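Read through the structures below before going on.
Here come two complexes built around chain A, the first alongside chain B, the second alongside chain C.
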Partner chain A sequence: MSRKQVKGEYIETDTGNKVARKAILIGTQHIMLGGKTVIQAEAMIRGDLARTAQPSSGAGGAAAPGSNTAVAIGRYCFLSRGCCLRPPGRIYKGSFTYLPLRLGDHVFVGEGSVVQAATVGSHVHIGQRVTVGEFAIIKDYVRILDGSVVAPNTVIPSFSVVAGQPARVIGEVPEGGHEAFELRELYKTVGNNPQPLPV
Partner chain B sequence: MSSSKRQSILPRVQSGPKAPVNFSSTITIADSALLSGNHTININSESVVHPRAKLDSSNGRITIGRRCIVHERTSIGAASADPRPSESRDGVYIHDYATIEVNVVIESGGTMIGEGCHVGVGSKIGKGAKLGKHCTITPHSVIRPFEVIPDFTVIYSNGTRRMDKRGVTDLKNKAQARQIEVLRRLIPSNPSKFQ
Partner chain C sequence: MASFTPYTYIQCPCYETISRTRSSDGTQTPSSRDSFEEDERTFDPRAPRSNYCLYPLEYLLYCDVCHQIRCPRCVSEELVTIYCPNCLFEVGSSSLKTEGNRCTRSCFQCPICIGPLAVQSLESAPEPSLLSADNANSSAPAGPWILTCSYCNWNSAEIGVKFDKPQGIFAQLSKIRHGEDHSRSTIGETSPPARSDTVPDTTKARFAAMKSFYSAQNNNSTTGSGLSGIGDYGLSSPGALSRIMNIYSGNNTGGIKQKSKASMMREADTPNEGFRLSDLDDSAAISHLRHSGWEGTVTRDQAKLQVEEGARFADELWPIPYLLRTKRSKRCPVCRHIISKPESKVGNTRWRIRLVANNSIPSITIKPLQPSTPSTPGVAPLSGILRPLQPAQFILTFKNPLFDDVKVTLATPATTPGRFASRVTVLCPEFQIDANTDTDMYLDDVLKDGDKDRRRQRGDESSHQAEAGKIWERGRNWVSIVVEVIPASLRQDAQQQQQQKSKEGEGKGKGEGEEPVPDLGPLKEDEDILEIPMFVRLEWEGEASNDQVGTGAGKEKDAREKKELAYWCALGIGRISQE
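Showing the complex of A and B:
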């Protein structure tokens, strides 16, 4: 890395998030980052598409601030260049509403992927140019190969490898293969003073 | 940290003159949408343009019908690599109730998107292609230039096609209207910026 920059490419927060200055975050008040999350340049998060319908009237009056999260992201997530996270929306009880998009920990989202899932579990690897349809539920330890199209409302079980258009389960994560999902090392390789991957 | 100048996070102002626009008073267009070109961009009533959608009319006029939704990062009116000339004066014509999803590229040159079409994420519509009414294009599909797609066709990205015989067009249009109602509240609109 010989590129010389006066200021770092990333903004590093106290909780260890590394957010590229060129990332496009819209509606930041509705985006929750768990910490140690990397958001690369040109990644887009649509936090402005927050829930408009109240979840239930019996919850007791005014909702707590920050409860209306549109996109919740866990720890050690990695959002590559040009990916896009947007909450899914549908007709609910007669009116249209967006519902929150939740990402677990150690979720990798590849370049140019568009994720409109309801829930993405922990230790999920989403390849490049993948489209995850609205209200898909992806469980833990799932690998989605490049160019897949996960149809809306799909549920992908844990430890599966999926690919294709539409995405189908094509295999299982091999025994002991779950360590490849750890993103702690990858987290260290980006930022304002990146360290090389240990070989 | 020697420089104290903070770079703007807003998209850079285009260097050229503003594209001529013709907006209805009821549209919702995000501040960070990108409009460029020298032909007119028409957007009819109650349509929604998401942030970072790119409308380029330099290759022909762009018309967007009533109650359309143009999602973020779309590129409407992109230049085509196809050298064949188009007979139409229109660049792109999107009819009423169409939805253009994220990362879609629609090339300019007499391209028509029929009423109630749903163009899926990351699809590419070639120059001069004509989609019939209520077509569904699944994500990552490619429509070749000058292709004509009949009404109610469903196109899958692996090349297979079928007809949509559900007959739910009225319901779909109603859902679209509801969605637009919500988007209007969520997306801060700033049409005056482009006029």
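Showing the complex of A and C:
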């Protein structure tokens, strides 16, 4: 349908990804989208910061296409306007290299947030203007409140509510709050023919 | 003014048991109206005690057996798993008893900023290899090792702590800290500031020394008397008790015969017995304070987070081992059934049992009704700001999570409790919500129908007006109704109140008249929020609960029974503007 109609704001792929035309994707060959992911305008994904080729170890394995993924994103993720996903980098065996950044499913990244985590689990809500430091590990069902700064190398266990600079655990996600992390409905509200949120 | 998001808090029934027992001792909250009959008593969300029973819906659990709401305060919790939040390793309850409630692996928090600390080689400090304690090839850095914070750049060399090897940091640190092995001074001594030999050992080390000293004393003294053959220490042993009695009752009391035992006992008087002269000479601390200034002192938060208290200067702060965290299951306080139980594995985020109130009672969402009628132009409540004495309408949407139709009955007091009584009218206090037919096969059809309905209704919206006794909108498993509020004026002066009284009529006048002295104090925190107490009563026909095996067997399986649930909730509608 996309061919015949006028150009919408979003490019909708076969796997259901909705990528804004104004999104800034760099190094797209290193970016993996799981499907049904929304990338809003001015969101930036630094796929160019891929792992530098390792001469010794992964000669056989690394040759396969797609193995050198810089940013891997699961299903039903939502990258808001102006956020940035940036793989973390460090010295490894004497030389500087970037390491992949992995997002699980149902990850919401708020406006203007910068994520440099090593791993973000599933059902994670990252608020607005949040900075997630390098090599942070965020487990499932975590809510990071607006304006937090997650220190580098931090591990945030599941069901944590996190806030502050540097971020600390300030509460637990209640048992009844798990459904609020689902992004299926939000996914439907954006795109070229957005639908209103159900009541 | 800060923006305001409407909220719904639901009252847990545990409130009632407390308030009933409380009212017997005659203490009454000033604004509560206990003159009502027990059944007619309304609920004041602003009463001080209400803080402890109002919860957002997500926080509430629902006991299937009692058919009642349970809140985090009234459930009883049981530990399922204890783990370190940093390395996510499970800690057994037995090692918890011996090792304490902190992680004994290499997980530490920065004492300055509580960021996580990483082990780093001191050699390659300018080019740190974070987390790289794993590869030991030729280029791998060798010790000494330090803990560094990558958030605030603090490192343990600042307090003169260095490690021989990058593993087992906790053990090394406790060795350094609690004596025995002063490896801190052996490795690359960088003269730690304010850490001379006169500074005594930590409280923990002193306690251990003192304990061993007195238990040895006690053993000596009590072997002959035979009062306690067990080599006990501390105050629990009768020997120690009688000794202390002697000290405090004075030596020359005739009642207690002093034996030669007392002379055998002596107090600790050397440092290695745990004795420490109280350092009354603060000149060192004062000069340190002069030298390092305000920056060199600890903040209250930093001091509080320390494992051992007493730190006054920043160089007395030690890395904080991570406090362990738990996974807990929850039991109903009444019937003791488990209503929430997580999987025991640390990494597993599933739940074995999760009876949340979400699935049993309707959710209530509030949004302002945008006025479509031009007759009331001033109503528009932008970003939750309500204009005093101007009627405003709000849509309450009730969404039914049950698989049965639910009949809802609402009740609110005519005026909100508190000093500023706003008038509240629920236009449709009785309605039925259709069942939540949550079968995905039909979901799309139903949704389409719903959309059609909605569109049709939206088309009518120009003539669509809030009518008393009629619901505003209806969907598959939700119903929205209209509530009209007339916010009170927040003006303080009595004259204004008089005007209001005469203007608003008797209903309000009565409410004011009951109060002996009208409180004319300044506006308290959040007193400008218009909060409506609302009583919600649900009735539905659900599957008969077959708890009793005997009765359930006789009847047919799909027996239906009437169920009922009623609770108070508090709806935060918006802030009243202070003009």
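What we mean here is this: the second predicted complex is superposed on the first by the 185 of 199 C-alpha atoms of A that agree within 3 Å, B and C clash if a C-alpha of one lies under 4 Å from a C-alpha of the other, contacts with A are read in each partner's own complex, and residues count from 1 in each chain.
Throughout what follows, a residue touches a chain if its C-beta (ideal position, glycine included) is under 8 Å from a C-beta of that chain, and two chains touch if they have at least 3 such contacts.
Note that the coordinates shown come from a computational prediction; the quantities given were computed from them, not determined experimentally.
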item: First, second, both or neither for A:180, with chain B first and chain C second; value: second
item: Partner chain(s) touched by A:97 [first = chain B, second = chain C, both, neither]; value: first
item: First (chain B), second (chain C), both or neither touched by A:67; value: neither
item: Which of chain B and chain C A:155 touches, first, second, both or neither; value: second
item: Partner chain in contact with A:129 - chain B first, chain C second, else both or neither; value: first
item: Which superposed partner A:28 touches (first chain B, second chain C, both, neither); value: neither
item: Touched partner set for A:189, first chain B, second chain C, both or neither; value: neither
item: Dominant contact partner of chain A by residue count, chain C or chain B; value: C
item: Chain B versus chain C as contact partner of A:15, first or second or both or neither; value: neither
item: Contact residues of chain A, present in both the chain B and the chain C interface; value: 91, 133, 149
item: Interfacial residue positions of chain A with respect to chain C in the complex; value: 90-94, 123, 133-135, 139-141, 149, 151-160, 166, 168-169, 174-180, 198-199
item: Of all residues in chain C, those that touch chain A in their complex; value: 57-61, 72, 83, 85-88, 113-116, 118, 127-132, 135, 137, 139, 149-152, 325, 330, 340, 346-347, 349, 351, 354, 356-358, 365, 397, 399, 447, 450, 475, 478, 480
item: Touching residues on chain B, where the partner in the complex is chain A; value: 1-3, 7, 9, 32, 51-52, 72-73, 102-103, 120-122, 138-140, 156-158, 175, 178-179, 181-182, 185-187
item: Residues on chain A engaged by chain B in the complex (per definition of touch); value: 6-7, 21, 24, 26, 44, 46, 48-50, 52, 84, 86, 89, 91, 95-98, 112, 114, 129, 131, 133, 147, 149, 165
